[in-house]
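Two complexes follow with chain A in common, the first pairing it with chain B and the second with chain C.
After this line comes the complex of A and B, so read on.
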């Protein structure tokens, strides 16, 4: 290093540090864009409303038919299963058993199954 | 060799670095970057709004009575426009200026006797609907007995479950 001026090496070093810092900032901004997208997509794709809607439909069905199992109720169950498959791309199945006594109330045990390829939802509920 | 020459340069370097960082921070914090993810957020809000309105319309006024949604669906295609208009009115019900840009289109899906699923428009088509709108879809199940007015003849007449689908978009 003869005859070379060593002044200002710190400036070079600081420049390097600032450059590395900027690089990391850029990386964080890049990641934040990705995080926003996946979060919003996750919320949109999670079938929260579909599942609530299905529960409501099953409870309506139970209000109307109870645990009766005949041609009419079979047709309604098939309606819900087939329209779900066709319009919501979801496999849906549910069954209503005859009433049992739960804490002095007579309730129908209901089993609900929902699967749309991403989200699987199973519920056993006394209604 | 390390000596104490050029210390002023060092301080200048640190100061320059701080100024650069501060500049970058100010620039980034003043411009909001519209990420691809942000485009979904209005969709999320619209979907929640439509879903809430449908749930509200499907709630009977009194115990045991029929909900507004069920009544309007039972009216079939003639009542479909009323259903759409009421739905939009409820969506626009808010404080402040009127939200005149919301549009909706209602559809009904049912299972025919032959076992296939048909979807038919319940409300008459929006004049400005191009099919390229960024729509969200909200749905609600309705239990029916008997077929509806103004519906295709292949609809069953026995008790059945049908699906009301509403496309909602901002024009």
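After this line comes the complex of A and C, so read on.
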């Protein structure tokens, strides 16, 4: 073994370094698949448009009926709740109080509740 | 150097002996470990694939998507689809009176590992795992049942899987599924009455532990009743049951 040319040993060393590097890279890639899945799910789950649709329906209702509470408005509120349940899979509830003065404007205080099992949204708004 | 008593033949035999013993040890102990590791990886991959299919089913049911396709690699086991009418798993729901009492069948997508004992099942929107031959099970991904505190509403989702024929496959698979239809029922619950859910597991696999942990957990908040596999919830004013019929066209 004596007097052999040992100049090529760095190749073996580099091979080892690359192997260790690949091992850590594999670990990181393994983790990233999990992260990617949960993140994508989280973004998809937030029902932004559903909440906007509900707010629009509630504001339309307020434009038409104001804070009147009788058989007709009760039926309309029930219809909105049923349609939300059927189409958006969400339990919703809202109430409109009588007008109050806010900065020289007369506005209806509205409370909106939305829950679809993942996202719970509650809002108090003057309209 | 003094080279007396150094035999090339003895040295060769010694080195060869060490090499052969090394190979023998690896074959004896290393190979089973490798196979086990491979089987664990296959099961883990399938768990992820099942969660992906669960998300696709959620898209069908909750996001008005009519049709979905998912490609997945089934390795180290078999993936099968079982029709709701043949699966034998029932979820019975009552509003606490005899006026409303209904049995729902669910159907399932199941993966059975060839080399290991793990069985992964997608049943009624929940991904669950159990070990064959052992009692007990765990839920990997939950369905979306919930109780709304503000309106005292309990919402129960039933996902009924139907197929034209029994299907099983391993290797590259594309699950093609579509929403056949859905029904919403809103049932009033009288004060003092408890909503009761009874879970009867399929003869092919017992997932009652996973369902018990889910139903008595925070999102549904039911109590285990005196009778076995009966769960109750009080303070419910409205019980909503949404039943979706999902058809698996092909795998």
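What we mean here is this: the second predicted complex is superposed on the first by the 98 of 127 C-alpha atoms of A that agree within 3 Å, B and C clash if a C-alpha of one lies under 4 Å from a C-alpha of the other, contacts with A are read in each partner's own complex, and residues count from 1 in each chain.
As a working rule, contacts are C-beta pairs under 8 Å (C-beta built on N, C-alpha and C of every residue); 3 or more make two chains touch, one makes a residue touch a chain.
Given the structure is predicted, the values throughout are model-derived calculations rather than measurements.
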Which of chain B and chain C A:82 touches, first, second, both or neither: both
Which of chain B and chain C A:91 touches, first, second, both or neither: second
Of chain B and chain C, the chain that contacts the larger number of chain A residues: B
First, second, both or neither for A:117, with chain B first and chain C second: second
Partner chain(s) touched by A:61 [first = chain B, second = chain C, both, neither]: first
Partner chain in contact with A:14 - chain B first, chain C second, else both or neither: first
Doubly contacted residues of chain A, that is, touched by chain B and again by chain C: 33, 37, 41, 82, 86-87
Of chain C, residues touching chain A in the complex: 48, 51-52, 55, 61-62, 64, 144-146, 148, 150-151, 153, 155, 184, 186, 219, 240, 242
Complex contacts: residues of chain B adjacent to chain A: 1, 5-6, 9-10, 12-14, 16-17, 20-21, 24, 28, 33, 35-41, 43-44, 47, 51, 55, 58, 109-111, 115, 117, 119, 138-141, 143, 156, 158-163, 165
Chain A residues touching chain C - in the complex, by the definition given at the top: 33, 37, 41, 82, 85-87, 89, 91, 93, 113, 115-118, 122
Complex contact set, residues of chain A against chain B: 6-11, 13-15, 17-18, 21-22, 25, 29, 32-41, 43-44, 49-50, 52-54, 56-57, 60-61, 64, 72, 75-76, 78-80, 82-83, 86-88
